[in-house]
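Order of writing sets the labels: A, B, C and D. Residues in every chain begin at 1.
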Amino acid sequence: MERRILLTECQDAVGIIAKITNVCFQFKLNIIRQDQFASQEDNKFFMRTVLEGDFTNETTIDAFINTVKVVLPEGAIVHLKDDHKKKLCVLVTKEAHCLGEILMKAYSGALNADVVCVAGNYPDLGELAEKFNVPFKLVSTDGITKEEQEKQMMKVIDECNADYVILAKYMRILSPDFVNHYPLGKIINIHHSFLPAFIGAKPYLQAFNRGVKIIGATAHFVTNNLDEGPIIEQDVIKVTHRYDPETLAKAGHDVEQMVLIRAISKVLDDKVFIHGNKTVVF
Amino acid sequence: MERRILLTECQDAVGIIAKITNVCFQFKLNIIRQDQFASQEDNKFFMRTVLEGDFTNETTIDAFINTVKVVLPEGAIVHLKDDHKKKLCVLVTKEAHCLGEILMKAYSGALNADVVCVAGNYPDLGELAEKFNVPFKLVSTDGITKEEQEKQMMKVIDECNADYVILAKYMRILSPDFVNHYPLGKIINIHHSFLPAFIGAKPYLQAFNRGVKIIGATAHFVTNNLDEGPIIEQDVIKVTHRYDPETLAKAGHDVEQMVLIRAISKVLDDKVFIHGNKTVVF
Amino acid sequence: MERRILLTECQDAVGIIAKITNVCFQFKLNIIRQDQFASQEDNKFFMRTVLEGDFTNETTIDAFINTVKVVLPEGAIVHLKDDHKKKLCVLVTKEAHCLGEILMKAYSGALNADVVCVAGNYPDLGELAEKFNVPFKLVSTDGITKEEQEKQMMKVIDECNADYVILAKYMRILSPDFVNHYPLGKIINIHHSFLPAFIGAKPYLQAFNRGVKIIGATAHFVTNNLDEGPIIEQDVIKVTHRYDPETLAKAGHDVEQMVLIRAISKVLDDKVFIHGNKTVVF
Amino acid sequence: MERRILLTECQDAVGIIAKITNVCFQFKLNIIRQDQFASQEDNKFFMRTVLEGDFTNETTIDAFINTVKVVLPEGAIVHLKDDHKKKLCVLVTKEAHCLGEILMKAYSGALNADVVCVAGNYPDLGELAEKFNVPFKLVSTDGITKEEQEKQMMKVIDECNADYVILAKYMRILSPDFVNHYPLGKIINIHHSFLPAFIGAKPYLQAFNRGVKIIGATAHFVTNNLDEGPIIEQDVIKVTHRYDPETLAKAGHDVEQMVLIRAISKVLDDKVFIHGNKTVVF
């Protein structure tokens, strides 16, 4: 008995859940957990179904997926996911906290993923990556165009065959060409503020100047709108007038690493659907 | 087009979701939202399904419920709930904060319920109840036995025909006879601590003496084990060494009223199943 | 033995705390609690000192305050506050939750204040105010200019002799003339979002469209920059893709009332200093 | 200009703050931040004063400390702390998360400390310590008495000259002899539950069986009362009926590492006083 996760996404219609669960029953697959969401806004249907059963026969699996597709409205997206360890490529600049947390959680097994490559535009975090036996690639911006540097970075990412690219405080704005080179949902960014407040650079200085009593962090999928991709996870911590930009940043790092790890975990568990510029997170 | 909530509870088995959703489809009921839980511990299945459709024909409704029952394992519990306003009877002693929050939220419409009666063992909160035109019944303990006082209190509750009895800081321990007089799930209590810490009396003094950095509150269904019924909702707030028993209690009141209101809201929304000594809260 | 709160605010300098506490000692006043903050940014010093002693002799009190002033740099602001109940004038439109919480907490004694007047631009909340025996003044905008309506509103406020004006979801933007009519720090507003995100109208619709996972509220002093006054208190709650604009607003109401009450409590306890466009909150 | 932290602890008396701050002024030390607490319970006074000035002359420093002592009641405890990096010895068993977080934060500089030794009763975490170039000492319990094993462990601790001993999920109960070998305040433990709930072993199974909606963690100083030492820091996270003992434990690990790191940070910043069986945390 194994487990698989069935992800379905289509236009909503009466009877969809019955149809899908019937197919599961017909293929003798037990439903361990099921979450569904129907958006009132645009009539979209999303469902995540954890199945238990015999998945050894490839032909039967294909038949199962096809039967699900047949009962659903045209244009339905159907995936059956197993729980193999996903591969992460982590892009960094100089700050260690997010990368450190990812490496540690992958090392301890708390994160069901392998970090296959760390790539940075500065060499600072090479030592940390190598502690965990992860190859570090320096893709410097020195003396080359942004276009050239991005080309080299895409080569690094493509060669390591990563399932997801994590921007763990990678302090470069990606060009549209870079973003478009990858399917939506593959690149995850941690933004050092509670979006949509303090969009852009120096959010901790902005927060200090505004005198806020709470700071936050936002993990989101990357699109070509800066800091505007679908939000996966957000959290905050309380601060006081005693914080200066430096201690705000230090406190912010804790939220950043926590929010990023939670977002990655949910994506790895196939709990996140992209829904326009938003997400559905089960 | 109306909405109803279908609640199903039975032994788990392969195909249960398919069977139930098939019946919904057959009766042309659209599923707006569905949550299910299968307990690995004891193989129990719980499902809450929000349905949209035509519920005007009583015969059809009965047929629908019966068909659901037929497809489920023996012993299944099936309810179809409409969203009529439930009636609350609130039991109090002297502290106003929980009663006040219930009355206010019922008044503003944030709580989908009518407070039909407030009953107290002291007269202190009569004035508050009457501000909101809710009858107040004094059921004093003076000069009578506990048994007699409880008998009078049960009479008050039974006469007001309440769907739920809320112990909003009612500082009397209910006898087994009182508790057994009502079905499990009808009486909700707010406990002034984060159970299972500080069971029993004077939790804020206990918390002060222990020097905790967090205090909490717990809303639970009442059973005959003191402070041991199924927990519906809990929350906490942070405190420091500067709090004394009095300011701890004041801070605690805020958590108590918040936790109690959230628990009542979830119960009113038919989101809470009792599962042995625990709850399933969708 | 009584308690008073000494508030001091001046340019920072070496020895300030020693000088002030010496004066306290000299006047035989025991320090129960003392909080101080020195801003590195602009070298401003703020201190709140809770004193216990004999404050019956007015001449001695005056001498004490003057002696404190004398030892401090020129331009120092010195206040000695007693704990008499402050008077609140609450401005509202149609939403009951914030007003309800203020009235209830004032009634139960959890808020050390008297609500002396509720004024609304709509009649909807008159009934609620009157439940608590608080006069309600309708200052409608119908058929009159904004200027005229504000003039009437200022008259209402001035006549009730309020210490603080609470905008408890008063959905009118105040003119500069109105704001300037009162000293900075007298008017407190609750903003229905986590500032600086979603400035302006319909924040819950904005939050829904952006797909945020957290919503918040901000209590701040009112200045002539819309939604830009010194922030006193902020908090958030988590939301999911299941929230629509309406349920977001309902959830938001809970944070709004909680944040507003906390801000008012801190202001009533003389724990809040205004520091440029920020606050120092002890 | 350097910074030092003055810690004072004594019986409360009128004028204490004036006396101490006078001495600071007399020695030309500027007060950057000051926090004080006077316990109403037992009339104890605690103060932490961050000073800025010239601390190069040892004779002057000694004179300063002595002068502070002279002005305070008999029995006063006075310390002047500099901010040299403290040395940590971390005791572990098999779980990596708390050790990992400590090593990473010390590596990145977020924790102002050097981990000088990791000692375990199992060899599992040796690899992790060595990644960060920290010596790992295996002090196995195999084939020797508890007394003997503790003797060896104390030797390891004493030889590394640690300022603090961190029990980072060290799953052995320390004997009174071990505890008494060190001054109170030197050993910090992370307890895998929200004390005083679920004292003792298997807290996550206990939490599962009780059906709680929140789990927590507690960092405390170690005394000879199991799980009863002065609490430094606590926090919680929300859980649901969907958590089993394993996922509860995984969620619990996140709170444990967060709470432990916060407690260590505060201790390293000299913000924590021990007050009987409680703490004062500034």
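One rule holds for everything that comes next: a contact is a pair of C-beta atoms (placed from the backbone, for glycine too) under 8 Å apart; a residue touches a chain by one contact, two chains touch by 3 or more.
Computed from a predicted model, the values in this text were never measured in an experiment.
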TODO: Check C-D against A-C and say which one is joined by more contacting C-beta pairs.
DONE: A-C
Task: Chain centre separation in whole Å, for chain D relative to chain C (CA means) - done: 37
TODO: Please work out the Cα centroid separation of chain A and chain C, and write it as a whole number of Å.
DONE: 41
Task: Junction residues of chain C - those touching two or more other chains - done: 33, 37, 242
Open item on the list: Edges wherever two chains touch, nodes for the chains themselves; is that graph a line, a ring, a star, complete, or other here?
Closed with: complete
TODO: Could you pull out which chain B residues touch chain C in their complex?
DONE: 33, 96-97, 100-101, 104, 107-108, 110, 128, 131-132, 242, 250, 253-254, 258
Task: Of chain D, residues touching chain C in the complex - done: 14-19, 21-22, 24-25, 28-38
Open item on the list: Touching residues of chain B toward chain D in the complex: what are they?
Closed with: 37, 39-41, 194-198, 210-214, 216, 230-236, 240-242, 244, 275, 277-281
